[in-house]
């Protein structure tokens, strides 16, 4: 994974989007810090930790500065985690941010975006800066204090690049 | 529901069992206190509270005296909570006690056992005594202290009926 | 400790009571199940687990059947856990049940009731039956399910001794 | 309080320090971001939330960049929260960061530093930047994500002022 850090983030290959009228892309979000929660709907660590944390990030930061989205990276139990099942899951767990279904590789392996980012499993949290560069890649749990710090640092960078004032 | 309390518990109509080689029935468990956790795999209250509590009950009491089992009572999102999906869910959440799939009614309504017990939703916890009588019916959350007390009372009843000593 | 179980519980030697107009004694509570939470106000395990659990017991059971009380068994930092400090602590933590100050031994050792019961530390939970006999002695944490079961069993015993009906 | 933000933080008036050989001062910590947890040892919100959060801050950030310290601002139950009691409390709760005892005003009111900062109660969290200016003043609870962001922003400011690289 390390080789990807600070280089341009790979394109998202998404079969289907939920909770958004327009497909999202790295280009359409340029200028914002992007927090991507890669998860599987039947992964307990995602349900108990990753997804609630993503929802907290969405509450704590301005949507003008930070975009939170989910990526459903199904690499096991494919028949149990179909888009139909995902839709019911998002409804029941009241997940309101956009969620993309990572494009299957067609051979039962990890889906395409998961492969492109070299993810080891779920939950994985990716943080992309305002220039579209992958800056942080966390597999497993990360503490809220550290995550808040990482996001703030990238927000501040964006501000200084664009010549704005640093005060929130 | 009240009409059912202290009368014989309705028969379980189960389409398929997981985590058990033999189908379970009220008759085959006669003499034991039975704790039934009725749940749906995509119900957050079941995943966060009901099922972990059922697992704690299984740890806290002797399997000779108390049988814990799950009943998958799907009354919504049927296409997302199939037996195939349930199997993956039980594996991922490490649920080791027997789980029966409540028999669908064939018309998209609540499944048959759910109807027979007059359940209002999930999670629902049923407690059945050693004589096969439904003694407690809880919809929603119940505190561990109260649940422990209810189970102990029925264990003690069984012992006194059978002439055993009351000490654990 | 084991030698005390099922024998009459030792008398409480209490220097001062809080949250009760009358001093409490084993004799005055005969017929009830008594749950004694032995604690120190600066013991983290007592503050985080023992005392909240005692408060939950008080909520879960009828005060006619179960008496909950605290015993301040100071065996270290004596100068920091005086009755004056305890009073402020009980006020700030909203502890409403009766609390007795275990009588110091006058030589800086464990206080007298703590010694009489052979307690090893805090928190310790004692459960005394309606006949004044010590039935359970727990050092450290005990799960709510098990505690609820132990209390219910002693309530049921009291009822059957007195010829009452067993239904709650 | 607002009037204090962005102006130089008032001097700390401390009667006694724990967990440090040298008294700390704003001047001696110049260049670091300072996180001050103002608490009372018998304040439940401090024990359950404020102090554990301060300990997490100390874990999450480098001690070269962020100093965490406690300030014991006793404004009630003075006789129950003496320095002697505080010392036992710090020992029992394993609090390892420096803690200063806010200087009593001698008339039973809020202590001097508490007054100088216009604090309304406990827990209060103060964040002071590398130039000794008070930048954030939180009464009650603040989410870890937001706190992490506030601290990171001030660290980054310090770095850019001193001409260092922004990478952590």
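For the reader, a short list of remarks on this structure follows.
In order of appearance the chains are A, B, C and D, and numbering begins at 1 in each one.
By definition in this document, contacts are C-beta pairs under 8 Å (C-beta built on N, C-alpha and C of every residue); 3 or more make two chains touch, one makes a residue touch a chain.
This one's a predicted model, so the numbers in the text were calculated from it and none came from an experiment.
Taken together, chain A and chain B share no touching chain. With centres computed as the average of Cα coordinates, no chain lies farther from chain D than B. Chain A and chain D have Cα centroids lying 34 Å from one another. Note: centroid distance chain B to chain D, computed from Cα atoms, is 51 Å. For chain C, the set of residues touching two or more other chains is empty.
Annotation, chain-chain contacts: A-B, A-D, B-C, C-D (touch as defined at the top).
Put simply, chain C touches chain D in their complex at residues 42-44, 47-48, 77, 79-82, 84-85, 87-89, 91-93.
The touching residues of chain D, counted against chain A in their complex, run 56-57, 60-61, 143-153, 155-157, 160, 166, 168.
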